[in-house]
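Once you've had a glance at the structure underneath, I'll fire off some questions.
Naming follows writing order (A, B, C and D), and every chain is counted from residue 1.
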Amino acid sequence: MGILEVQNVNKRFGGLKALHEVNLTVEEGTVHAIIGPNGAGKSTLLNCFVGRLKPDTGSVVFNGTSLLGLKPHEINQAGVSRVFQTPEIFGNLSCFENVMIPAFARRDGSFTLNAVSRLSGERSIQEKAMHMLEDLNMGDKAGVQADQLSRGDKRRLELAMCLVQEPKLLLLDEPTAGMSRGDTNTTVELLRTIASRGITMVVIEHDMHVVFSLAQKITVLAQGTPIAEGLPQDIKGDPRVQEAYLGGAHL
Amino acid sequence: MDVILLQLLNGLDKGGAYALIALGLTLIFGTLGVVNFAHGALFMLGAFCAVSLSAFMGLEKVTIDETQMTAWGTPLEVRTPYIVDWFGSAGEFMLDFSVPLSILLAIPVMLLVGLIMERGLIKHFYKRAHADQILVTFGLAIVLQELVKAQFGANPLPQPAPETLSGAADIGMALGFDPHTVVYPYWRLVYFAFAAVVIAAVFAFLQFTTFGMVVRAGMADRETVGLLGIDIDRRFTIVFGIAAVVAGLAGVMYTPILPPDYHMGMDFLVLSFVVVVVGGMGSLGGAVLAGFLLGILQSFASMNEIKSILPGIDQIIIYLVAIVILLLRPRGLLGRKGVMET
Amino acid sequence: MTTSTKTDTLLLWVFALATLFGPIILAPFGAGYPDLLQKFAIFGIFAIGFNLLFGLTGYLSFGHAAFLGVGSYTAVWSFKLLSMNPIPAIILATLLGGLFALVIGFITLRRAGIYFSILTLAFAQMSYNLAYSVLTPITNGETGLQLDQADPRLLDTAFGIEYGAALPVSSLFGLDMNQTWTWDFMGWEIQLNAGFYVCAVVLILCFWIAMRIFRSPFGMMLKAVKSNQNRMNYTGLNTRPYTLAAFVISGCYAGLAGGLMAVTDPLAGAERMQWTASGEVVLMTILGGTGTLLGPVLGAGAIKYMEQIFSAFNKPELLDFFSFLPTAIAEPLVSVLALFVGEGWHLTLGVMFMLIVIFLPGGLMEGFNRILGLFNRRRGAAGKHPAKTPAAAE
Amino acid sequence: MSTFSINRRGLLKGSAALGAGIAAPTIFPSYAWAASYTNEPTGSSVTLGFNVPQTGAYADEGADELRAYQLAVKHLNGEGDGGMLSTFSSKVLKGNGILGKKVEYVTGDTQTKSDAARASAKRMIQKDGAIMITGGSSSGVAIAVQGLCQEEGVIFMAGLTHSNDTTGKDCRANGFRHFFNTEMSGAALAPVLKNAYGTDRIAYHLTADYTWGWSQEGSIKKYTEQLGWQTAAAVRTPLGAGDFSQYLTPVLNSGADVLVLNHYGKDMVNSLTQAVQFGMRDKQVNGKDFAIVVPLYSRLMAQGAGENVKGIFGSTNWHWSLQDEGSKAFVKSFGQEYGFPPSQAAHTTYCQAILYADAVERAGSFRPSAVGAALEDFEFDGLGNGPTLYRGFDHQCFKDVLVVKGKENPTSKFDVLEVVEVTPRAQVEYGTDLLGCNKGPFNDGA
């Protein structure tokens, strides 16, 4: 029994079959990568996990509770955090505030009318947020307005925002998309550190180098259907996978 | 039955005016992404084009008759318009047709006003927050209307329709009703036809010319079109001019129905925004549809039969419909996704 | 962090003192008379409340005047039915303003952006139209709801307070709200008015609450709503209750402001709810500086000042003023200037909106900050006080 | 003031509670308490407050009111030709100001909104020290400002306000109205309508949906139904509707043969213009010529309707073409100053300024209660409306009412109305119980 159980998920957009009979099990404490060519349905699947889309049929069960029909904030409160392809941060707030917000969300739930306490009096939240930033080597940027950051730092900030929530499951949508080689390597290192702390992750990724250096298990999607699943070394040699990726270019 | 038909005509007529104003407003939204609170003022300026022309053509040769005195003790002035003095009956004809003739004046004037407004002010506000756009265009609207007030005063100024078009047509006869049951003013029929022609012209222009094609492409995705090396900004400037002309023409032709005054733009402003939003931000078809829909509903809601059941319904129907439609269809009747939602 | 708390305390003190000494500070500017001072305080409260919604969450409401109107009507009804004491009137006005906001907000907040603006506008215009006509039994329509000699005033009757043959005046345990003490101070007539001081105390209180909200986790959440709603949702936060809470709080402020209007002047007219009145508070907030603490109060003051002082000038006064110039210069000068004062004061208003938003997008507050910055830079250049480094982390 | 002692005690407590920053009232120089009424003039001049609409729909009427006030101030100060001072039956005004004090004035913009009007009136009272407030161009504003003046303890001389309520259920002791009201319009119009259109008519009312409109509709209904007319329907239209077509088309086939437009200002201009466009002036119904009636005319507004007013009956307070000595003197004086004839708004406000000054002079004091007492039941003549009574009971002037008709062949743009009947005062008088005024005592303020 994995932490995330996906069974027989189907999703259509009009005539287009976006997902077809997807079955997936993510084991607790592992990094699970979902790969596949463009239009394979990776992002659609991810959106089904976080409540942005609702599958036509099938079930998505997280930690024993069904995620179907829950709103994004309810799913997050259940312990699922998400990193977007282009970092979604609070651009006109400082990095420090950006990290405090999810910390509050974890502590106080999806809504609290906490208008009487002072931000400056919330010691434990402040310490937690500052700690998180320092953990990701961003301690010196705490006071900087978030949209002034470089792209790599934005991604890092977004990760900090997710990690400060101590999620049970972290979803990453192409965490290195559009990054330089150097930035990519640092990010991968970072993710490995996070993984080593035992946080379960689902990664959607294009970059095979990233996938193979991170994932313990890989699912390959093609045209909305999982065509292969297994350990990285198994996937590497699977001819079906090579077929799916543009007629078999060597991975 | 005749009552229903008459209310339908009223609705179409009103709808024509709403649609014309809303069309320009939504065109500006769709292309420039600007919330133009000065659009009502453009409508008002158009109406005052008609006032100016008739005042200009009505310039009078004043001869002072020293033998007669007015009640307030100044010598009596005998006045004849120069235009009649010079052209005789042709001059009288021109005076009579001053409102339709004002169209010829309004097109270049409003185009110029639009271009100056866009180049001088609006273009600096493309990237600014909507709140800033609202404030600056609202300020401009106040300035324009106060200038008009300083020149023309605050009271309405009558602009009669041409003599031949000032009566009412017994259109019921043609449809098999008894005589004198369905009579409708000629000028209102003219206005409806005029609105239809202008709306069709704007659509044809955007649909069938290359210029229009580029503008439509720009409305859909400004950046991509810009990448193709097409100077989309200059075209958008012209679009703003066209929107100003459409609002101005709506104003010119409305003057015989509603004697213009400096404040008429503000009276239409809120309404035209409601029309645009109900139609869907940036949707031309939506603006026209919503204009006619609201016009017709407003007419029917004003009937005694309905008011006796729901008192005051005629005062709020527009807003009520807007609320219901926006709650049922989040982006308005024909709205596109992602326009003006942040 | 402690510096920011200190700055806030200082700001609050300066604000409170400036408000309480308002009658003296503003007297030289011709604005030191009770009615205008009351208006400054009341519209200051209205704008602060509006800013809590618009400045923090970015939701631009065009219907806030409706809550102001509801507050006014409630307060006058409280005078008529309960007591001439302003306290129940203010409390009920605030509550009803909030309640009305809860109902309207619940529906309108389903939409964002300009759609939200038009929805709020539609509700407010409906309220205005109905108040003007069919709701006349409750609102007294065009004339406005007024006090009557024959009103029941149940609480007052119960406590044996009577008001004689004249119309009653709202009074705080015996302190009449229209009571004014005048005082000759360095040639200026200083007018200290009881009604103004009630408004001033409430304004300071409202300012303090707004400040606490700005500095609270809740306030940060509201800023986050403005910044990125998508991220809010994926961070486990439900944006709707946050925006609704902001809307209701800001509706309470508007209701309170409306209540105070009735306290200082017990007549409630329907045009208080018209869209232009809603537009006015938008303009006040933007003019002063959206999202700043002090800006809305400044904007409210600026617009109310112009409305009273500019509209009062007339051509003969101008001619008088420029009489030192030769007529050949004075006449044309006056005829140009006359466009901007008296009946032309709207023109000044329009020009001011345009200039401010073109050159000072952050409103008056940005102007002050720039001037302050200029001052600091000059001092910094002189080498005495090196420019302060921006405080990290908050 | 039975609560005076409570007040005093609470007042001291209250001011102590205001805390530091405000000095206690005891340190105030005692003269602050010596003023025995609001804004008692102590210097060589006296300030009047002219509160007129300078922005909004009635800005032109407001401008005309202001012109009339400035003219009145000139005349009171002995400048110009004296205008109606020479024809006024009371001769106490000497052209040396009021009680020897030079008359000065301040102005305010009512914006035709109750709130704005009260704010500007308060400014004039509290800041500029105005002893009297006058002006305005709508009943809502008049009633709002009248209430304010009662509270502040100054006299209010109403401008153009036609609703019964101003001197009816919303009357105040400190408020006075020279202008006529809807009751008088109905009483004056009815006989003329009977002569012109007979007693067998069916009327259809379009009524502006607010207090004045209802008041007007009620009066006209009352008097026409007494004639034997029937009322087909009375439909309420929203204020500022702009396009009235949806209210006009049901008239066409309703069987009614008279349309009564209980509209004023822009509403009147628009609804009349549009009614004529629908052919209602040339229509035949029930074998009779269809007729339109506009119960309250304003010449300034009628100009906005242009040719459409021709042949349409209505009532008005005063018109410049009147030939009595007072009117002639006023038209001449105003025309020479400004180059065009005055409107009824200008006339009524001029009269109000003169009447106030005269009452002060006769009372020998600016004290509101004294001035009010001098105005109450004051009989005068020579101000253009014939012998007039300022009734003490409700502070309403009773005088002749003009019934006018849109002129067929105007000689100038000012010449749009002709007087068809001067309805004598006796015919428009009504009992004190009709409108239920309970004005309370005078308030001298301070």
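We take it that contacts are C-beta pairs under 8 Å (C-beta built on N, C-alpha and C of every residue); 3 or more make two chains touch, one makes a residue touch a chain.
Protein identities per chain, from UniProt: A = ABC transporter ATP-binding protein; B, C = Branched-chain amino acid ABC transporter permease; D = ABC transporter substrate-binding protein.
None of the values given here were measured: they were computed from a predicted structure.
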| item | value |
| --- | --- |
| Reaching subunit D from subunit A through chains that touch each other, fewest steps | 2 |
| Chain closest to the middle [Cα centroid of all protein chains] | C |
| Centre-to-centre distance between subunit C and subunit B (centres being mean Cα positions), rounded to whole Å | 35 |
| Cα-centroid distance, subunit C relative to subunit D, in whole angstrom | 33 |
| Separation of subunit A from subunit B, taking each centre as the mean of its C-alpha atoms, in whole Å | 53 |
| For subunit D, residues contacting two or more additional chains | 59, 63, 209, 236, 238 |
| Multi-chain contact residues (two or more partners), subunit B | 312, 315 |
| For subunit C, residues that touch 2 or more chains besides their own | 129, 133-134, 346 |
| Category of the chain touch graph - line, ring, star, complete, other | other |
| Interchain contacts, given as pairs of chains that touch | A-C, B-C, B-D, C-D |
| Subunit D residues within the subunit B interface of the complex | 56-60, 63, 209, 233, 235-238, 240, 242-243, 245-247, 249-250, 252-253, 266, 269-270, 273-274, 277-279, 282-283, 300-301, 303-308, 320-321, 328, 331-332, 334-336, 339-341, 412 |
| In the complex with subunit C, residue positions of subunit B that touch it | 35, 121, 124, 128, 130-132, 134-136, 138-143, 145-147, 150, 266, 270, 273-274, 277, 281, 311-312, 315-316, 318-320, 322-323, 326-327, 330-332, 340-342 |
| Parts of subunit C lying in touch with subunit D, wherever the complex brings them together | 17, 20-21, 30, 32-36, 39, 129, 132-134, 136, 141-144, 146, 149, 161-167, 169, 171-176, 178-184, 191-192, 194, 197, 261, 265, 267, 269, 271-272, 307-308, 311-312, 314, 316, 342-343, 345-346 |
| Of subunit C, residues touching subunit A in the complex | 1-2, 4-5, 212-213, 215-221, 223-224, 226-228, 230-238, 241-242, 245, 390-394 |
| Subunit B-touching residues of subunit C, taken from the complex the two chains share | 54, 60, 107, 110-115, 118-119, 121-123, 125-126, 129-130, 133-134, 275-276, 279, 282-283, 286-287, 290, 339, 344, 346-347, 349-354, 356-358, 361 |
